[in-house]
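Got a structure for you, questions after.
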Amino acid sequence: MNHLKKYALKDIPHYKVHGRTVPGACPLPLFFSGSAVELNVSGAELWADLEVSWENLEMWVTVEVNGELLSRQMFMPGTCSLCLFRGMNPETVKNVRLTRELQAMTEDEDCCLLVHGFQTDGCFHPVPKGKYTLEFVGDSITSGEGTYGAVGEADWIPMYMSYSRDYAKMTAEALGADAFLISKGGWGVLCGWDNNPHSNIPSRYEQLCGLCCGKRNESLGAFAPYDFSTRKTDAVIVNLGTNDASAFQQPAWHDPATGETFKQHLNPDGTFFEDDLNRFKKAVVSFLEMLRRHNPHAHIVWCYGMLGYDLTTAITDAINRYTAKSGDHNLVFLQLPNTTAETVGSNEHPGVLSHQRAARVLTEYLQDYFSKL
Amino acid sequence: MNHLKKYALKDIPHYKVHGRTVPGACPLPLFFSGSAVELNVSGAELWADLEVSWENLEMWVTVEVNGELLSRQMFMPGTCSLCLFRGMNPETVKNVRLTRELQAMTEDEDCCLLVHGFQTDGCFHPVPKGKYTLEFVGDSITSGEGTYGAVGEADWIPMYMSYSRDYAKMTAEALGADAFLISKGGWGVLCGWDNNPHSNIPSRYEQLCGLCCGKRNESLGAFAPYDFSTRKTDAVIVNLGTNDASAFQQPAWHDPATGETFKQHLNPDGTFFEDDLNRFKKAVVSFLEMLRRHNPHAHIVWCYGMLGYDLTTAITDAINRYTAKSGDHNLVFLQLPNTTAETVGSNEHPGVLSHQRAARVLTEYLQDYFSKL
Amino acid sequence: MNHLKKYALKDIPHYKVHGRTVPGACPLPLFFSGSAVELNVSGAELWADLEVSWENLEMWVTVEVNGELLSRQMFMPGTCSLCLFRGMNPETVKNVRLTRELQAMTEDEDCCLLVHGFQTDGCFHPVPKGKYTLEFVGDSITSGEGTYGAVGEADWIPMYMSYSRDYAKMTAEALGADAFLISKGGWGVLCGWDNNPHSNIPSRYEQLCGLCCGKRNESLGAFAPYDFSTRKTDAVIVNLGTNDASAFQQPAWHDPATGETFKQHLNPDGTFFEDDLNRFKKAVVSFLEMLRRHNPHAHIVWCYGMLGYDLTTAITDAINRYTAKSGDHNLVFLQLPNTTAETVGSNEHPGVLSHQRAARVLTEYLQDYFSKL
Amino acid sequence: MNHLKKYALKDIPHYKVHGRTVPGACPLPLFFSGSAVELNVSGAELWADLEVSWENLEMWVTVEVNGELLSRQMFMPGTCSLCLFRGMNPETVKNVRLTRELQAMTEDEDCCLLVHGFQTDGCFHPVPKGKYTLEFVGDSITSGEGTYGAVGEADWIPMYMSYSRDYAKMTAEALGADAFLISKGGWGVLCGWDNNPHSNIPSRYEQLCGLCCGKRNESLGAFAPYDFSTRKTDAVIVNLGTNDASAFQQPAWHDPATGETFKQHLNPDGTFFEDDLNRFKKAVVSFLEMLRRHNPHAHIVWCYGMLGYDLTTAITDAINRYTAKSGDHNLVFLQLPNTTAETVGSNEHPGVLSHQRAARVLTEYLQDYFSKL
């Protein structure tokens, strides 16, 4: 690699960061699945200088060249240089994207991925912005859990979580848009799948990345308020409610340390207990207010259905309440087709066929919406 | 045809009627698209004795043998004998269905189709009931308008309306169910596409077939109250709201004779005027009450979206209101994917690809629902 | 129909005939499946004046408007006026095609379809020629046997034979080409499926339509030499050999009247008996010579495989022999994918999915070929 | 990794090697694309101990767990431990396959991949044999060149060559078969794409792996005669001829060192020069004799067409000559659909859609063939 020139990220004249980040950070943390560095670069060869850490949940990364996925691999903790391509025509400019495949992890305080820089014998060229800016806010569905691995797998491991086969990626690509993701498996609007009331996305939405933990991530700025003014979002796609629906079916959550307990209840006839449904709806209304506050011009698309339609009318009722209260009509409810035996992936989650189907409905909706602006 | 025996329908020991009808009627009127006579019959040859009348909107009929469509044709007024098959192995039992392709027509008071009987050299065998009984209540989408004919066609003619490529047929077949249809292009829950407040399906739902007109149809019993006790419906699929959404965009309807006028309004900012939206919602609530009254055990699936999602939250709000008022939770809102340039048919209506996509979502939903009973 | 003007075909200024015919004939016989009259016509309404005759094998006809199939129906013997469309915008010009769905029939000497003329309130407009002229020469596959009707059907009846779902139609449409068909179920290059040596297409290829019989057809000119100079064929697609392969598996054919007998033999090990294979190859060589004689500039594509690959190397050997003998390289062998349980139709023949797959391979081949001219 | 036990490959009680190899070798070289080690293993974690070397053409490897691809990555020269999975339920038995993605390389004498052993906290279980044993003999198509990377890419680099999206893999999986591959981009039956007469697969077929070079590979036994008795092949699929066809279009090959020259010629009219075509045919005949000698019971399927049909009749003529000479009928010619603009991949080679289409034709053929045994 002596023939290559080593660049710290901050010394690279042109690069594009995908996903929420601290502008200009070097090394650059990639906090979320879908967070990426994208380059347009000439030269025969390109390497990335990476730093990876984790305690128990390993990091996964993909490499794309000219829009095509070429590698997907697991990374052990440590620093490394990863060859992104070699042996190519040095004259042509290649579009290269190095992407975090794995969602943010609250379960592993060491879990982080840093891009220090790149090495190449080529030159860097400008990377244009996308046609639109989309933010996807979600749970394990948006984290692509289940899109890799065999049907019937039941291990909750990073290997099966992916941005590379995710409806968010498919949608953004079809629209020529830039995507920001903020998603975490098991979390909801009001509470998590297990009734844990702390596993709610709204409580972390305003942080740069509140969905990780640990000193290292803190020092990287993860918990600082996110500066929403650094981007202008055209649409916010929320895909939440699936874990809130689960909570009704699950036993109560107890925190043995604090004695705190939480439970969403069903009535004896199997319908949702109204008070509990109401606090879910209130959480939706509040979250919509928060989303609007930080994304004043964005079209909000609340998606739901890829793992069941149970809270459809609760969500739409909350949307109606929010609109009645705020006068804001710039939002919509969009049902995505439920996952079936034909479209399921690993871990009883939507497989790639389910993501393709959802992406098609969502893409068509957004194409239609944007075409009318 | 001397070798064939001629049977009046009433003398045929086994036959099955699809769609709403007067039990035992002979000749048998087929009022709706999808209304059909189904036979299991041996013999080399089978003919149907039909009577057709219309003034300006011609009748269309399809013939299926063993579940496969073999002919689709236009009928002129008059009586005729139609050969359904000939030259077949006389020993085997063939399943044959003669189906009205065309929706009920309020625009032509002569429009009717009567089955007088059949002629065959074979014998009639029992026709089993379907696994489920479904009723589809809808507008032009459910009448299959646009599923035949080239993209770009703009004539409102029976030739382009069809049961044979309709999502209702696809869904019923996939589920092994019997389908009843009641649908009329241009009509809505509160009013028609043109703000005509009389073009509302609920006002006709309780008649055997209120969606036709004229003395002839009256004499056939079309306007008599429908005896809902003659069937036990497992699910009622409502696909209405599309024309109610149109009405907001269209000029007011005036009846020059009575001076009556009607208009659903938009606010200056393009949102729905709240009072008008409310009367739509009330119409939905009332219709749900009517549907429940006549189908006490049926699962009600309110489908919407094949021609736009505009009234999604209005419909779901009405569903919520109905549930709050009635305590009835045995209903659901199901969004069907919108029609796009790739899936559109003639007359700017959903094409066969859109119907297939809708049928898949609906079929999967019902399969899941029935599997949990 | 008093408002319509009745035109004898010969008085219509613009119409296009598809398939082999006698130029200017009126009434016009449609001898082959795919034979058609095509019009571009304005007006609200169009009717065809037809004459149909048959003794035991009934006639089937389709109607297309603006390239979309709208009706398919059986015709009883007699004359009739068939409404092709009505109620349309009188100003627009519609493209209409009335097509014979049924292959020529040697089994019914009365079988014929005549177009006498049309009735309309509109005007006739020129119908452009296709981009290319293709001739398809084949057997039951090219006659579309099996493309209608349920899998498992075993009756040999016209109802299951169709041009409307045939690979020849699909290919011609994809290429914007005009198609001539000459095909007959059960026939081969050397002999028929049952070893009948008279059931060979080459013996009839040079007649206008040698694949029918009877005085009526004779009087219509069917057996006269075909005037190949009336067209300039860009490609001749031969899809023969399937019945020649069957013959090896079938018992000998005997003509009790003449005592004549014929049989293609297998060796005891199941391979083809060489002498018999050679006479098949000679028949192929001779037929290629005949095809070239009458289509001097056409690219000849010998297709094979939709019902088995058994004679692949026999056919290619014959092609090689023909080329060695003639120096003619303007021909090619193209294997079409075999029919499987997933793609089979009625009568154990290729279903519509098999025809689609074959049409794709053939279309791609011809697109590539024509693009290099 | 202290909790894991390290096993040399030879100490592992159960493992299966895919592809040609020296039985019992440890470390085990994986010479060809598709060569792999397959394990059934319990435990939470599994690592592979690998040794990689190359000078200029980098190694690529994939990992599958329970039949699903989970990673694809480039390897730098050196030894390394690669984590194949971690964090899984230790009780379940996982099926794991570590596969060489890259074809054998004559262009890089250091290019090799060795499996030294594995590390795990689990136990090894038997790996059953496949239902059938298939050998695929081919060129760049069989090496999967073009199945990764964007359409329009033109670099000849390992990154774009793959077994993981290859028709050979798809076919073997669909049949439940074990696959042996021997393939090399640019090579033919008589000569390479550039007329190099040394680039012919038959000259290397009898070596274990004659398609690589260098001392290291020699010491691993690559050039030793392959012991065909170690396997019983059910079918040999040859997919060659594409580069032989190219040679006719390319300039003569010259070896400046030896003065040797070679050229397959076209006639002035663009047809193949007969003498040159004949030496191609002779090469095919000789190769068939060689294949039969070493695979006495195998069904030989000569596939052709994924990059053009030009040598179809030359190949079938050679097959006929071989059969005439040998009396061997246990072989067949199978055309695979040509690659089109819709199905092309990188480097103007068949993309994954073209491989899927070819695999379907080939799989269907072999299913039918095996079902009749």
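Think of it as A, B, C and D in the order they're written, each chain with its own count starting at 1.
As a convention for this text, a residue touches a chain if its C-beta (ideal position, glycine included) is under 8 Å from a C-beta of that chain, and two chains touch if they have at least 3 such contacts.
Quick caveat, the model's predicted, so the values are computed rather than measured.
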For this session: Could you give the separation in Å between the centres of subunit A and subunit B, each centre being the mean of its C-alpha atoms?
Result: 43
Seminar exercise, completed: Whole-angstrom distance, CA centroid of subunit A to CA centroid of subunit D, is 38
Exercise. Taking each chain's centre as the mean of its CA atoms, how far is subunit A from subunit C in angstrom?
Worked result: 57
For this session: Would you mind listing the residues of subunit A that make contact with two or more other chains?
Result: none
For this session: Indicate which of the five shapes (line, ring, star, complete, other) describes how the chains touch one another.
Result: ring
Exercise. Can you name every chain pair that touches?
Worked result: A-B, A-D, B-C, C-D
Exercise. Can you list the residues on subunit C that touch subunit D in the complex?
Worked result: 269, 271, 305, 309, 312-313, 316-317, 319-320, 323, 329, 332-335, 337-338, 340, 360-361, 364-365, 368
For this session: Can you check the complex and tell me which residues of subunit C touch subunit B?
Result: 56-58, 65-74, 76, 83, 85-89, 148-150, 152-155, 157-159, 346
